[in-house]
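When the chains are written out, they are named A, B, C and D in that same order, and each has its own residue count from 1.
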Amino acid sequence: MIEIGLNHYLVLSTILFAIGLVGVMKRKNLLMLFFATEILLNSVNISFAAISHYYGDLTGQMFAFFVIAIAASEVAVGLGLLIVWHKRYNNIDLDFMTRMKG
Amino acid sequence: METAYLIETIIKIVVILLVFSALAGLGTYFERKILAFMQRRLGPMYVGPFGLLQVAADGVKLFTKEDIIPTNVVGRIFKLAPVITAATAFMASAAIPFLPSFELFGYKVNPIVSDINIGILYILGVMGVGLYGPLLGGMASANKFSLISAARGAAVFISYEVVTGLSILAPIMMVGSLSLIDFNNYQAENGWIIWSQPVAFILFWIAAFAETGRTPFHLIANDHEIIDGFGTEYSGMRWGLFFIGEYANMFFISFVIPLIFLGGFGDGSVMGALALLGKMAFFFFFFLWTRAAWPDVRPDQLMWLCWKVLMPIAVINIVITGLVMM
Amino acid sequence: MKIEEQFNNRNVSDNGYFMVDIADYPTTPWGKFKRVVKRTFRGELFVGLWVVMREMIRFDIHTVQYPEEKMPIGPRYRAVHKMKRLWESDTERCIGCGLCEKICISNCIRMETKIDENSRKEVSEYSINLGRCIFCGYCAEVCPELAITHGGEYENASEQREHFVLYEDMLTPLDKMKAGTQKEFEGFGAITPHEDERVKKTPLAY
Amino acid sequence: MFEAIAFYLFAFLTIAMFYITVTTSQALYALTALAAGMIFISAFFFILGADFLGAVQIVVYSGAVMALYAFGMMFFDTTREVQEKKGNQYLVVGLATISAVLAVLIFSAPIISDNITALYPVGTHGNTQEVGMVLFTKYLVPFEVAAVMLLVAMIAGIVLAGKKMDESLTLMTEEEIKDMRAEKMRPKDLK
């Protein structure tokens, strides 16, 4: 219990991932949906860093860096698209988007 | 051993908290006095000799004033925001070597809470987090002026974080370390970094004004167009925490600039330590000096300056430094 | 920059004014860039720094530390009203003519008069609402007897405004009058020195 | 001992923060909790010896990404309450299944890969230097691809968001704004 091993981090990562999944399925507002995806990415980052530490291998940290880079570009493009959508329809609800076919 | 280390760290943290809070209070006194002298006034004169106890009077007033929380604000965030501003200013100072290490009753004291080997990145990160004070305070306030201020705060902090990071990258390339103690030792051997990186120094200095929100870039809480920005709805000690955070930030930046560019505390002698305090005093004085002398820029000019002038210069500086080092 | 029209002659000497020569604002990006470079390297910012530094070093403080030091005020300073007494008889100068009440543009003077036992007009009530008074000075100017004047007491802080409106408070106190310390209004229409010698006696038979 | 205390403390804080993020109906709480959670996660990186990653986490996530989201929130006018989807029974079942599968996988993963060997062993240099060395030798191509991706994302963001930014709503009259809105709301791709 006192000694923190890889499993501790992996369990934590799982819990956070599950929380993120709940958020993805529950949220209606697209911005809140983005928040939930950030949680998913972060939980994966934790497990990457933990594996990297416990196997003495830097690859996990490298992957975490690339995940952060992807998250940053996701924000830039995603927010840009959202702004376009919001300017056109004054609404960023997910249900509204699925209704507007074509 | 571990207990001794723990006790030492706690003592250091308490000392830093107390010293920086006291400095923040004194900073307001110095600011009022110096601005007054520059405008042919006297400044605070009545409370205590030369108005020195004005700081205490202000403190008493802030502590005892009613803490108003308007009806429509998002309560918890509204209460949290000032704490963030003050806390990040203190947190960032954990990685700063304020003075050279000295012997006290036969015990070697390093006046730095934690010499982490990513010191500068940590400082940049925590200063970046400092943006949440104005941002959340402004967004939670249910006030259009506060919201404008929050938007400006987000824009200014993100933009100038880029300039700070890029301008500091060239010195980091030269030193080859992110620890401020390594910076100091490098400069003790090879001369001050300002002589080899004057452009980076000026860029960092300009960005420091934006990060602390001081006068030429005093747009986040611009009194004459957005009332007091994020501070509009605050009163009492919560507003006081914003204030302490701002002044602690100023002192903190005034320590960081000499440590990175102006030789720090040199070889660790008493003269070096005094010189560091002197340099710190000059940079703090310069914050007040510009406030008396210069007008504010417009928000769009601020962004223009950041993205079209300072950032290209910083990038060119890095490229040239890299070429020279090769 | 072309000046559209010269000022008409407003009797101001020529040497006091000079035209500020403002260059046209640049419209092209290149022009704007040049302006920035020029402003950056011409050192205007440092001129500003030097000016405030010079003032600080010179230490030429203009502050008046008010409760201890006070600015001298002019004799015609228009602050809270004073009612004066006659030098000869120590009675009030006010004859109850009501001119001040009539002329008061902010309607703050109220007076009630009656005929007293000597068949003389006597002022029974007189008040000035200082909350409304704009200190224009018309009442003092119109008073034929120099009875109401403006005093120099500008520190009117009190628990309530009503503390200033009473006739008794504005009237020169008797002991002060006895001591001969009533200050005369020195402005326009004031009593000049040696007034008595300069006034010719009206013949009794007139 | 300290490590265990730090781990459990930050684990609790992170889970609490992210839980608030996904459950609260107050958008500002979600934002604040998420930003706080990001900072707490960087604590794990510091505990694990990945100092550089931790600093990058603070700078990039808390300093930039979350601030951008805050900016977006102001832009989209969702600074306050957000609406929720209607409850879905299938959702809960699916979620529970996924969680269970994940948990099993995660507990079995270290057992399966016990005999793994480090490809890039952690050396004796500081974390920053090592990260730099690996990043600029083995991972140079992915690094540059990531850089190009960020550049593309930045340009895309500017192009998408910057459209019609020069149209000032404050300088228009009410009728003009109304006309503009009507123009936008009209379904364009109907023939």
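Please note the rule applied: a contact is a pair of C-beta atoms (placed from the backbone, for glycine too) under 8 Å apart; a residue touches a chain by one contact, two chains touch by 3 or more.
Not measured: the values here are computed from a predicted model.
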Relative to chain C, chain with the most remote C-alpha centre: A
Centrality ranking, top chain (CA atoms only): B
Chain centre separation (chain C, chain D; CA means) in Å: 67
Distance from chain D to chain A - Cα centre to Cα centre, in angstrom: 5
Computed distance of Cα centres, chain B from chain A, in Å: 32
Cα-centroid distance, chain B relative to chain D, in whole angstrom: 27
Of all residues in chain A, the ones touching two or more other chains: none
Touching two or more other chains - residues of chain B: none
Interface hub residues of chain D, defined as touching at least two other chains: 31, 52, 56, 64, 68, 71, 73
For the chain A and chain D complex, residues of the former touching the latter: 1-4, 6-23, 25-29, 31-32, 34-36, 38-39, 42, 45-47, 49-50, 52-53, 55-59, 61-62, 64-66, 68-77, 79-84, 86-90, 92-95, 102
Chain D-facing residues of chain B, complex: 74, 76-77, 80, 116-118, 121-122, 124-126, 128-129, 131-132, 135-136, 139-140, 147, 150-151, 154-155, 157-158, 161, 165, 177-178
Chain A contact footprint on chain D (complex, rising order): 1, 3-4, 7, 11, 14-15, 18-19, 21-23, 27, 30-31, 34, 37-38, 41, 44-45, 48-50, 52-53, 56-57, 60-61, 64-65, 68-69, 71-73, 75-76, 78, 82-85, 88, 91, 94-95, 98-99, 102-103, 106-107, 109-110, 116, 118-122, 130-131, 134-135, 139, 142, 146, 149-150, 152-154, 156-161, 163-164, 181, 184-185, 189
Of chain C, residues touching chain B in the complex: 36, 45, 48-49, 51-53, 55-56, 59-63, 65
Parts of chain D lying in touch with chain B, wherever the complex brings them together: 26, 28-29, 31-32, 35, 39, 42, 51-52, 54-56, 58-59, 62-64, 67-68, 70-71, 73-74, 79-80, 126-128
